[in-house]
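Chain nomenclature is as follows: A, B, C and D, assigned in order of appearance, with residue numbering initiated at 1 for each chain independently.
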């Protein structure tokens, strides 16, 4: 033992245990901030939110560099995007229900809520495809088109990711795995959806209204 | 002398009510499965003891043999070890490219290496050292040590952690294979547009660089989130915020910086690759874009990056100083607060990399002030460490020697950084060898020397064997001399007007002798690493056996066996002090009641570290590996066709579903 | 021992840094000299800080604690004394940092203040050479040259910086700090030389393969010399004076040279490479890489990629007996 | 089986490096490449004129660096004065699949070097041979007749349609044939 010579008390054997607490009857999962997954979701939302902030920052940087905006293109149409916004905001209600029914561990209601949320997600994705057709600019036309498509693409990516997540969870709730900790997952899925919803209104205003005001 | 300590008394273990929340899992009024009593058939660790407990837990938490088992493992120690080894391999690759460059610069108009290869070499050197070594090495140590130090059995999200390692490995392998194939990036590690843009970097070289960024950033953010949640939710009962080891604090702050800084560089590299591949105009001034946008985005990440590299090192320094000073850390609160302050301030400095870009003067001087201000938290840290040593009884083993080397070099580098923070001075030394000297003093002094200390310090924990002290001293001596001989003259070469990133220079410039000295120093420095490699290899096989706690250190990782068993601890420890092993020399207070047959961990509350849940953590799975392969296919494919984003997401989705699909665990059978 | 050696190295700094053709500390202009003065102030202050910190570190390595002391036990008196010392040190650091920031800001205001001058240059960075246009209100007095600029002593010269391709950085260390030439933007910098001399500068922002060979010279001379030079540069190339030069010109005009190079007064009108009208009067060719001699010109024409691999100057078909007249003609373009 | 990764690696190695190689100094300084390409598909006798292609063209048109250089020289030497960005002006368009004098790289080199009737000057002796090859390789990329991975991206310039790399792969009517539409009625 080389370290022994200069060190006071190097230990070579594990310490004996002195039991001071028993965890046998602690719950095996919980909801919200008591669950590690919730913190993981929050951290991912933070990182991705930072991504949005960066792209939005770049958007305004380009606005100020150029002075005129939206460069040579007309502003994008409002119809589909506004419909998208309305549906997005409306989805808060079923989402809240899904969260609540999950927390109540009510299987049949959770199933119903998740099916509704999946359908809403699909509808939103459909509207998004139509929306992309009314932007009046291509990504390779000028910097305005580029940043517009990037911002919208980034949001679409999040929408699609959460939709995939919701659909898988919905299927899962219809299998024999639909109990116990899955209910906590329903809550976390709802939590992430809030992030997707919350990130949209600023983007909507920036993409669709800001060029009209500038 | 009197005992003055942490808020709570050292010897008394707090009442169980202060260690556990005692709350139900389900919401009020809901009959939740979470509160169902545990199955009586399941063996729990209050029913067995001693070797039998160890053996059963080792079986439950172990990794299967064979290739599939190795690729399926979720053991943070195995993944952490791979992370550390991989990062150190990249350190050596980066070092080799540096030696090649130094040989080219040894004399004026040397024709050893042509401009094309030289440009690829310095790009690979910077890229490797920053993205494939600097960021991952800090995270790698976190992956291995944080769960041990906070007294838990695995990292939070162990599959995500495994996934991140493979993504990192694939990204690093991709760029080095590209380099071997002569498609290495040649645009510098920050790949400024327009040079890296579609017009001036034909071919795939810069695409490989940009995609490598995506790989490493995905990996980096994934690990950072795992670490954050581990520290927040998986701490041993009793580990209140003010009992978290300083190393863990450093890694926590570091992870936050990663989470907030890395999205900026992903944005920059994504814009770059979109410009290159699908013809967007983010950086095309003729169509409303701007070249400086890239620089802003890159440095908004790039400066925190420096602290991402430095913060884990402060954790190593704190751990080693305390152990070898034989005294608990002086100014714990001040150290933690300055870590946090450094984390925040690091986001307010990025413009000092752009002082010569012609930005408005007033804005620039704001960044002078903020850049200089960061000297304050760093100064507090340095002074607190010196104070700890002052009041301690330093024991001069190799780890402490490297820490002393760190002080010499890092403080010098930090001070020359103050010159760079000044707009007028920076206008002379920016982009010269003076800057090269400065950031090598900061990065090698601030990261590599502490890293070497950390390797000597934790090697017994990783392998169960001590490293050779004799070789260690030689290693330190050579490294210290080699480093200073290599890099100190660069300050002067820079002031004499030598810009960085030149593959050669004219004889009449008069830079020849200084460059020759630098090259000699670089060779000595590299030789010290060869010695290090030899020490690692020989000690791993023949080094003297180390007990669980060869240095008589105070933090929890030293309570586990060396190397730790798969379960880390036979029972989860209860923490009563910042240095639990110093406060409990006779017996360790522990929690019981966790399953022996299933992977259960204690989930605790964020601030008070009260035990709250006994949640099960994921079993090994091959899906994270498959998901990483699918991710690699998607990323690499998208360099060749944008449609890869579409078809590549299908296998990825399949892999992710496989990953999250619950297995038939006992929990599900109930 | 190691400490002594690094201190010795530190002492070498003034000796080594002060000389040199392209040295930031070998000052010949008001900006560079105030920068150098500021640099030495910083060095003095920061070196003192470093020495004090290292002294504290070395003193701290003395073993003050009893061998068998409990590492958790601390003495309140010691704690208090250390807290006070550290607070004082931090306070001192703050004072230093604030005063250095103030110094820096003050210097910045003076250095980058716009001074009125008469001469304005437009310098465009190309991969890998500098194009220089001397602006003048009279269009016929505007002229273009490359890689060598002349300025009158004692007069601030305004330089507008642009780039035709990637980002370059204009830097004449003897005169002042650097400024980037950025694609799609125009930056400005002022230079001023206090005494006549030849100062070298070099691109400081990595710009591709031949970043290492992108130098330029600043020739500071008296007002009269400068005016003489300028009037000469405005004029067209001197016609060939002897048979060899005549033949050299014919070779030049019959070869690919004219696709890129211009020689005013001849049919050669290319605009994408350095203007060669008075190339023989410039001290260096190939952007500060080779001294202008007949032999170097010949070497450069025969094998540009041996000297600057990757440069856009092509290797052209020349008969062996064509090289000499061509080089001689170009050298004669004073 | 054990050597499979090695074989695979060397296969990638061989395929990839050519595309990224940066050969600055062209082959023998004075040489004009020895291609024998018929200027027109007519010859006396039953068989067409004999042709010899050295294969050099592949080195140019599959190499990203050469094509990028060609793109630069295309502008420098004012090719766009007549051919615009490939869409044609007073000269014929270069990005479609109609080639009066053949659309293989050797034909294009021939065309640049020798000139063609109705306005295309000869650049022999004006543009060095390797640069002619580079320009020809770039011209080939305009109709995406080069590998996608080697085709250039957009320039830092005004947007004039999608960059060469983003065009659909083109088809070229081979050497020296006049497309049916341009033929004289029989």
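By our rule, a residue touches a chain if its C-beta (ideal position, glycine included) is under 8 Å from a C-beta of that chain, and two chains touch if they have at least 3 such contacts.
None of the values given here were measured: they were computed from a predicted structure.
**Q** Identify the chains adjacent to both chain B and chain C in the sense defined at the top.
**A** In this structure, the chains that contact chain C and also chain B are D.
**Q** Between A-B and A-D, which chain pair is linked by more C-beta pairs in contact?
**A** Looking at A-B and A-D side by side, A-B shows more C-beta contacts.
**Q** Determine the chain that sits nearest the middle of the structure, using the mean of its CA atoms as its centre.
**A** Per-chain C-alpha centroids ranked by distance to the global centroid put B first.
**Q** How far is the middle of chain A from the middle of chain B, if each middle is the mean of its Cα atoms, in Å?
**A** 26
**Q** For chain B and chain D, let me know how many angstrom lie between their CA-based centres, rounded off.
**A** So the centre of chain B lies 49 Å away from the centre of chain D.
**Q** For chain C and chain D, let me know how many angstrom lie between their CA-based centres, rounded off.
**A** Computed from C-alpha means, the inter-chain centre distance equals 40 Å.
**Q** Show the residues in chain A shared as contacts by 2 or more other chains, in ascending order.
**A** 8, 140-142
**Q** Could you tell me which residues belong to chain C and also touch two or more other chains?
**A** In chain C, residues 67, 183-184, 309-310 touch at least two other chains, as defined above.
**Q** If you look at chain D, which of its residues touch at least two other chains?
**A** In chain D, 22, 154, 156, 159, 162, 166 touch at least two other chains.
**Q** How would one label the connectivity among the chains shown: line, ring, star, complete, or other?
**A** other
**Q** What are all the touching pairs of chains?
**A** So, checking each combination of chains, I get A-B, A-D, B-C, B-D, C-D as the touching pairs.
**Q** Going by the contact rule set out above, which residues of chain B touch chain D in the complex?
**A** For chain B paired with chain D, touching residues are 116, 177, 180-183, 194, 197-199, 202-205, 275-279, 281, 283-287, 640-641.
**Q** Tell me, which parts of chain B touch chain C in their complex?
**A** Touching chain C: residues 1-5, 10, 114-116, 119, 187-188, 192, 194-195, 199-200, 285-286, 290-292, 322, 326-328, 330-331, 334, 356-358, 361, 364-365, 368-369, 372-373, 375-376, 379-380, 382-384, 386-387, 389-394, 396, 404, 407-408, 411-412, 415-416, 418-419, 421-432, 480-481, 484, 488-489, 491-492, 495-506, 508-510, 514, 554, 577, 579, 582-583 of chain B.
**Q** Under the touch definition given earlier, write down the residues of chain B that touch chain A in their complex.
**A** Residues 13, 16, 19-20, 23-27, 30-38, 44, 46, 49, 156-157, 160, 221, 224-226, 228-229, 232-234, 237, 259-260, 262-264, 266-267, 270-271, 274-275, 278-282, 284, 287-290, 293, 296-297, 300, 326, 395, 397, 466, 469, 544-552, 558-559, 561, 570-572, 574, 581, 584-594, 602-603, 605-606, 611-616, 653, 656-657, 660-662, 667-668, 670 of chain B touch chain A in their complex.
**Q** Applying the document's contact rule, which stretches of chain D touch chain B when the two form their complex?
**A** 9, 12-13, 16-17, 19-22, 64-65, 67-68, 148-150, 152-159, 162-163, 165-166
**Q** Please output the residues of chain A touching chain B within their complex, sorted ascending.
**A** Listed in rising order, the residues are 1-3, 6-31, 33-36, 39-40, 43-44, 46-48, 50-51, 53-55, 58, 61-62, 65-66, 71, 103-105, 139-147, 149-150, 164, 168, 172, 176-177, 179-183.
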